[in-house]
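Look at the two complexes coming up: subunit A is in both, with subunit B in one and subunit C in the other.
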Partner chain A sequence: MTNSSSKTSLNNFLLMLLVTGVVLAAPIIFEPFGAGYPDLLQRFAIFGIFAVGFNILFGLTGYLSFGHAAFLGVGSYTAVWSFKLLTMNVVPAIFFSVLLTGLFALIIGYISLRRSGIYFSILTLAFAQMSYNLAYSVLTPITNGETGLQLSLQDPRILDAKNIAGGLPNTNFFGYTMNQTNTYEFFGTAYQFNVGYYVCGVVLILMFYIAMRIFQSPFGMMLKAIKSNQTRMKYTGFDTRPYLIWAFVISGMYAGLAGALLSITDPLAGAERMQWTASGEVVLMTILGGVGTMIGPVLGAALIKYLENIFSAINTGELTRMLSWVPEGMQDFAVSTVGLFVGDGWHLTLGLMFMIVVVFLPGGIMEGVRRIARLFSRRKAGPVEPPRATNIATAGEGGA
Partner chain B sequence: MSTPMENIVLHVADVHKSFAGLHALSDIDLSVREGETHAIIGPNGAGKSTLLNVCIGRLAPDSGHVVFDGQNLTGRAPHEINQLGVVRVFQTPEIFPDLTLLENVMVPILAKRDGSFHLALFRRFSSEKAAREEAESILADLGLGPLRASLATSLSRGDKRRLELAMGLSQHPRLLLLDEPTAGMARHDTNATIDLLKKIKERGMTKVIIEHDMHVVFSLADRISVLAGGRIICQGTPEEVKNDPRVKEAYLGEEQV
Partner chain C sequence: MEALLLQTLNGLDKGGAYALIALGLTLTFGTLGIVNFAHGALFMLGAFCAVGMNELLTISTKVKDESITFFDAYKEVPILEAKFPVIGPIIVDYSVPLAILITVPLMLLIGWVMERGLIRHFYKRTHADQILVTFGLAIVVQEIVRHYFGANPIPQLAPDVVAGSANIGSWLGMSDNVVYPWWRLIYLVFALVIIAATFAFLRFTTFGMVVRAGMQDREMVGMLGINIQRRFTIVFGLAAVCAGLAGVMYTPILPPDYHMGMDFLVLSFVVVVVGGMGSLGGAVAAGFLLGILQSFAAMNVFKTIVPGIDQIIIYLVAVVILLFRPRGLLGRKGVMDA
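Right, the complex of A and B next:
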């Protein structure tokens, strides 16, 4: 009743406060971890948006798409085209990316959602691979194939003033260029505040809020019910198809937005963004963080991007230095073994981590958090008596 | 076909259905009157569940048609049939195991209120006050009130069936189809369910019940149709059916009535 809905509003407020605080203060918070620089923070925010959107489909409906990277790619290409043809301002780029990705997702969703379960996953995978191959070869005039789509001095940019002399213009938000970084020093440490990161961060906050509202809306509840028992939904009077299509399109638009932000921070779009490994990555992020939770996908995205950053940067020379404590005869063996898991082989580490989480913590990081929280609350309150049914006399008294 | 007094709600006309040459239903003619409780009984394999599935569009008949309130149900999608006011309660409970009891009942209430598709993205489910209060009162009616915040998956089988009944009732159906509502219930729960169904009857809800338990059938039914071998062999009031020699032979002979 009013009591519980005001409790939800309070929880929402606290959650949004937390997310906003962490996003805005990220350059300071992540600096001690060596992750406070713009390029990595941008990736945290962008893939956070991607995963939050993916979770609207996968977390709420249980439909596992293996083709969301196609939307990321479409968003990226559209944004670069907006920079080439219209203006270097990021607002039209975002607008057209989201719009076009939405249409693209509508077509793919309309066809793929004729099937469910594994067949749906395979259909989305097939569409994404088709898109990848189209972008890579057939559609070269649009995508510039292998080289990737980039800005050039000959681009029309009809909305921008023509008086910029020399060099490629920068993407900007009404004059604030994305690659502008202001460095401030507090207590002897330098922190980097980058315009591009703050654009991504503010968009993440906004998208997180929208996702939260969708999760708590009647629409979100219907999606959960479809995941729980789709047959029952149909016999309850719901046409489940439009619900699923809307969920698919919304999560596709999130992916398109993430793709646009990738181009905004670095105006270059390549076909590899649409490859199935990229689709798989967002699945891993969501599951690692916690499917169906609000915060989980963002955590998963940040964790994967952070570890990728660390592990893929380690080369053989560095590894030898790190393993110098190993006895002389063993050192070569140790370096070559561990070397498999770092550098280009970082995906081996990711796979291992993923397996461990799925086997021991199927609900992802968020389940771990819940388990720890339960451990503490149980110690405080003692075991809780579960409520019982059948006693009609007690009906109407407040439940848990 | 019918006298003006009898307001026929559901009319099954000349329905045939066979599976791989086996005649599951032949020549089925059945009329259900407004407000009555119509029981369909018959031995195992008589075609009772097939008939119910044809009525709600889960199976398409080979020939014949099913008319509800002047509308042909044949070939319609399940959600359309539900939106017309025909609600089915399944034999094996079909609920939303991952939702709370309250949500389980609120979802069908919203289906009735908002139709088969409604894009409510920026309302809050928890602020659906009217639906919530209605769901709470229905759950309380069925003795599930204290459990409303628990997940449906945690219920016992009997409670799951009661929950499904609550979900069906929450839609105020014009026609409620019950598939063995007391199967697998303890005697105590069976009696509670009979009382509940009697209560609904007083509200004038039309019901079709498939049932094995003769105690349940004779406590509730206004009229009974007896199915055997895919045909209706007898139709009438409980008294007429009880005394019909064909019924005794086909079915009741095995049972103590």
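Right, the complex of A and C next:
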């Protein structure tokens, strides 16, 4: 470690301060981008948690898993069952989701981690598809198949008071209902502060802190060592399996937590969350943001969710309005070409962005930021080898 | 007994598709060392070649409809049928087999472009990078197809002469009620022919010998002075053609839609892994085996024992094989054992 411990703890403190500040002030910060509404902010936080957890596995150990969507699904279903059987309070839901997903991850990880590399990826892929198929058609008493698991009035919520009023109760955190939004006006713009978002945001801050501590712990260093040369580690006498299994279980629990939060903010759990292509989405987020970095995955998750919600909502009418500055003759052409990439075609933009990032900037956004910073810094001279998407962040870079 | 026969045929049929796709995948993995997540997209492109061919052949013009007399009505009639009243309808009817004529050159071209433009730069990168970039490419291809052809499945019809069912019962001495669609039998034979052709190509031509040598030891082949790079492009094109042909002829069985690539991708990887990464014979054998297993698992006899077994049997088999025999059924020992 080249940094002295006090410098690292200062860096950590500043990073945590930055993250806490941005998360708490998000309804204000994101409003000018049209992204200040509760639903989107909740998704930023939830998928941020998911990506941070995935990064612990992929970024630190280099093992690419396509099965995390299954953990997301298990987390969601457990949370909804907790709402149905126990109480609408979110705390037991979160607790049981994380617990069950951790167990599930333990079983899957124990089997999958017997192989490495491409075989591991295909094993996780097989498990994800198996879970999806089971959830969709076989385990329908538990998961309700295609229609998804929903709350109903007949649920025996054992720990809750009797529901006298009609209508489904809302998820709550010791009395504060999740969908309660307070809107305040500052300088003519309305800002929405939503309880559900703040619960997700606080959880994000907490999980980010935990991930940061993991990155900088001896455990984290072992994982990075596994990524850089697993055979050598084994030769020096370390048994790598427990570390790998722990990393897998931890990242699985993060995914389960994200799934639980998804159900908390919207008490419905569907099977399509468990398809392997949903796992592909979190891989995209992590790569886009920067594998192995701390903030990267959160940035990647926020960017992709933003594009998903904002880009895909731009239909032809909006597009024509946005491109009204284009000269008359070119306007139709401009609208039809740009129209390929927005609205329904935003998946195309996503795929292209993904390819461009993997080909040219494998370190993701954080790599881009680092390169730009290097342009302005005169201290380092000479070419530096660009990191690959699957390469290790050096030991000295413990921070963002 | 009849049910068994029908399910075996179903399995062989599906297995034929799996085997063809897995063959292409193993070719690229064994020779080039590339994990290609866009292979499912190539299968899908082949299927959409059939759709495109159909649209091409049925470019229509307005012709006066004689059957409606109180006003001037026009109906859409394909130009081929209007200009050539005898041959035209036959050509339109046979659009799926005729699509093979455009699929082969088109898939060769697409494979060539993919290899030269993208895959070539990823030989030296890690498997994870290859997976990621080809996954991205698969998404892009899928979206382009969805943009032009729409999101709904577009059913294609087999030629009329083979649209019915064959009376296999009578061939095999069973009751006359046992029937099986002609087209599926044709597909099975077609898949076997293509597989045999690929194997013959690899075994009996000089080019094939170089490819087989490259599969065993790529560097050595380069050191012997053979320009392996150009051979790679052709091999990739060949793999693309295999996948495309599997897709084109499958269209009457499964209506093509833009998502079928991803669905078949997982299955084809499972097949390749079960057969042994890098073993062509293994890929084909595993394809047919898994197809048959999947069909048998769909029989009610087994479904009552373990409900939903048909959905998960393939993955269960893959997990078991990956754990206890990681080189697959016919893989070579020492290749990717870790």
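Simple rule for what comes next: the second predicted complex is superposed on the first by the 347 of 400 C-alpha atoms of A that agree within 3 Å, B and C clash if a C-alpha of one lies under 4 Å from a C-alpha of the other, contacts with A are read in each partner's own complex, and residues count from 1 in each chain.
FYI, contacts are C-beta pairs under 8 Å (C-beta built on N, C-alpha and C of every residue); 3 or more make two chains touch, one makes a residue touch a chain.
Since this is a predicted model, take the numbers as computed values, not measurements.
Touch criterion met: A:L125 reaches subunit C, while subunit B stays clear of it. Of the two partner chains, subunit B is the only one that A:K227 touches; subunit C does not reach it. In the overlay built on the shared chain, the residue A:D239 is in contact with subunit B alone; subunit C does not reach it.
Of the two partner chains, subunit B is the only one that A:Q216 touches; subunit C does not reach it.
When both complexes are overlaid on chain A, the residue A:I111 reaches subunit C alone and has no touch with subunit B.
Contact with subunit C, but none with subunit B, is seen for A:L348 once the two complexes are overlaid on the shared chain. Of the two partner chains, neither subunit B nor subunit C is touched by A:S336. When the two structures are aligned on the shared chain, A:L134 is found in touch with subunit C, with no touch to subunit B. Once chain A of one complex is fitted onto chain A of the other, the partner contacts of A:W276 are limited to subunit C, with no touch recorded for subunit B.
Contacts of subunit A with subunit B, set against its contacts with subunit C after fitting on chain A, overlap at residues 388-390.
Subunit A contributes residues 62, 64, 111, 114-119, 121-123, 125-127, 129-130, 133-134, 136-139, 276-277, 280, 283, 287, 340, 344-345, 347-348, 350-352, 354-355, 358-359, 362, 388-390 to its touches with subunit C in the complex.
Residues 1, 4-5, 8, 213-214, 216-222, 224-225, 227-229, 231-240, 242-243, 246, 386-392, 394-397, 399-400 of subunit A are the ones touching subunit B in the complex. Residue ranges of subunit B in contact with subunit A, taken from their complex: 56, 77-79, 82-83, 87-88, 90, 94-99, 103, 106-108, 110-112, 114-129, 132, 136, 139-140, 143-150, 155-156, 159, 167, 171.
Those residues of subunit C whose C-beta lies close enough to touch subunit A in the complex are 35, 118, 121, 125-129, 131-133, 135-140, 142-144, 147, 262, 266, 269-270, 273, 277, 307-308, 311-312, 315-316, 318-319, 322-323, 326, 336, 338.
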